[in-house]
């Protein structure tokens, strides 16, 4: 092997022309970057952790009862914002409501409007045709750090009558997340019912609706029928 | 190729080389979202070979099996292609300055055989250690440091720290 | 908005880009003299600090560049792959790698450049890596618990210590420049080694 | 020569100090986020205006009938994710659903669940709002292929517990839909609506809710929403 090749002393170029040249190119690119830097107007300003923690916080929901009471008292700290289209808005809306169509949420005026409300310690109550319609602009505004927004847990239809006293007195709970039927119990009841022998009826948790059933068909025929359906 | 003895031992200004390497690393991150690396290719080769010889064995070993997740073949790993590129690039640079020919480089105080045995030992240790850290000097330390990753800084400090720790005992090999 | 793969460039280009970037990387590594093991280990004996210089310059160039690109909104730094900080496995692995460095004289990347220009010790070193990886993989069940231990996840240093990444970058740059200066002085005092 | 090196050495230091002194631009929120210790690594999310565009239409919703077809066909490309807490999940859920409570969506292993491209993820909760909010957070964090079950489990089970019977004048598809839903109900272990409860689902209520509330609550969606969905979703379902 060519050992004699290695006796040469290694030479490193110490010239700095090329590196200076390279650095200047990079500096020019950075300068261009600054020139073309467009400030992003709208960005999420809250942390994901906070948003996840807020998922289950009920403070951001407004029930129709609370809103009705506020409307009765003409509470100035709550400003209703209608996120439906101007057309829907023209057909009917809550008193003193501001129409901000959800599609047009991002314009300086609208964002400024919410920021002004925040300065004035006012709360914007978003509502739409349904709770989930109001939820979309609500979540976006909230994640942008405008946290003085709440959403109505029902659609406009419920509030349509304009009879605030009656709505305020209504005891109906409008929580989307409450399981409305105890399905587990329901299914187990159904299985008990479907058992042909009498053992099931002796069972302790007797279903409330256990009217004596005349015919208890097993589930199989129903499944069979389903095949034709599909 | 004619070897130009003047050019053979002339290397770039290290700052310039480092600057260019930084730009390449930057491009890599910009294009692919990942860093450069090398030891991953060795891992892919080993896994693929073992898989070809004993497929059931790779399925039982979690370390091998991890690389087959999602129907991937380890040998078509990004790093394998990158390593092929490194070989080509080094060859181009080496032949342009007359460094590309077969030889063993070692200190005049030791024999070629001794140098090769230690290279094998060093390689084995490096391969072994790189698996613990999930990357080598380029994959873990350099790319990790570029994104300010905590792991990258720890890797860099421990590689160089470890080397300084043991450097004294192996000085005969080099100087 | 980077990274460009897979959204702007389709993933089929991935391997071609890998080869192109590899060629550039290999070219720079070789031109910097990283195919020579005696030059590489010089950093541990004080007669050549090329490794340290190239390494640090590359790291600060890339990270300042990335921070700027992140600032301009060209790339999303948090989305880039970092190294998951499994503290103790990395330390143990790093020390083993350090030992491998001073005995073998290469690291995997440089050994591949050495292969490119036909250094036989590079080939043998790569064989060693294959052997080491194979031994590790076969013994993996023994290390599995340790390998997965003390995982802090893919955190960055500023994030972990809760400091500004920009001031951290200032610190890293200053340390690097000081290191360059100090190594320059050390090299002047140490006996020249012919290699 | 010496001077040149000093100049070059100053460049990185000056550049990084410049970065530190630059005003916080909102598009550098990711860098800010790194500084503020939010430990979610993958963040390639969409901007608020893009997210709004995605959210104003109903593309993200999967209708109960579509989901029923998926469940009946055991389509492996869908992953059902139940966002309710573990207690509710254990009581009942959809066949094949996995449980990721809504407050744990960003833990290390759960993020990994969402990262595969092989699945469409269906977010399920009792209603629409919670899963929709989780959808927005996950989209913001950059995850794709997410669907929201429209109406949630409440409506889903109601639809198959007590499918709206078509009248004599309805087109034949309405009868097909009705049979399909009955079949689904039977598959899910629900009683056959023809024979089981005369009073409809309102007869059996969760113990925590008073009968009065539940009745009106169950009525509202059943009356209002179900017929609307029945026409649209059912056709694709069959």
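Note that the chains take the letters A, B, C and D in the order they are written out, and that residue 1 is the start of every chain.
The rule is simple: a contact is a pair of C-beta atoms (placed from the backbone, for glycine too) under 8 Å apart; a residue touches a chain by one contact, two chains touch by 3 or more.
What you are looking at is a predicted structure, and each value in this text was computed from that prediction instead of being measured.
Taking the CA centroid of subunit B as reference, the farthest chain centroid is that of A.
More contacting C-beta pairs link the chains of B-C than the other of the two pairs A-C and B-C. Each chain gets one centre point, the mean of its Cα atoms, and the points for subunit B and subunit D are 45 Å apart. The geometric centre of subunit B is 9 Å away from that of subunit C, both derived from CA atoms. Centroids of subunit A and subunit D (each the mean of its C-alpha atoms) stand 10 Å apart. In subunit D, the positions touching at least two other chains are 8, 15, 25, 27, 33-34, 36, 43. Within subunit B, residues 11-12, 14-15, 19-20, 23, 101-106, 148 each touch two or more of the remaining chains.
Among the residues of subunit C, those in touch with two or more other chains are 33, 36, 38-39, 50, 60-61, 65, 68-69, 72-74, 77, 79, 82, 120, 154-156, 158-159, 165, 169, 180, 195. Those residues of subunit B whose C-beta lies close enough to touch subunit A in the complex are 5, 8-16, 19-20, 23, 101-106, 108, 112. On the side of subunit A, the complex with subunit C involves touching residues 1, 6-7, 9-10, 12, 26, 30, 33-34, 36-37, 40. Within the complex, the subunit C residues that touch subunit D are 60-61, 64, 67-68, 70-73, 76-79, 82, 153-156, 158-159, 162-167, 169-170, 172-174, 176-177, 180. Contact residues on subunit D toward subunit C in their complex (touch as defined above): 9, 12-13, 15-17, 19-20, 22, 25, 27-28, 30-31, 33-37, 39, 41-44, 108, 142. Residues of subunit C touching subunit A in their complex: 33, 36, 38-39, 48, 50, 65, 68-69, 72-74, 120, 192, 194-195.
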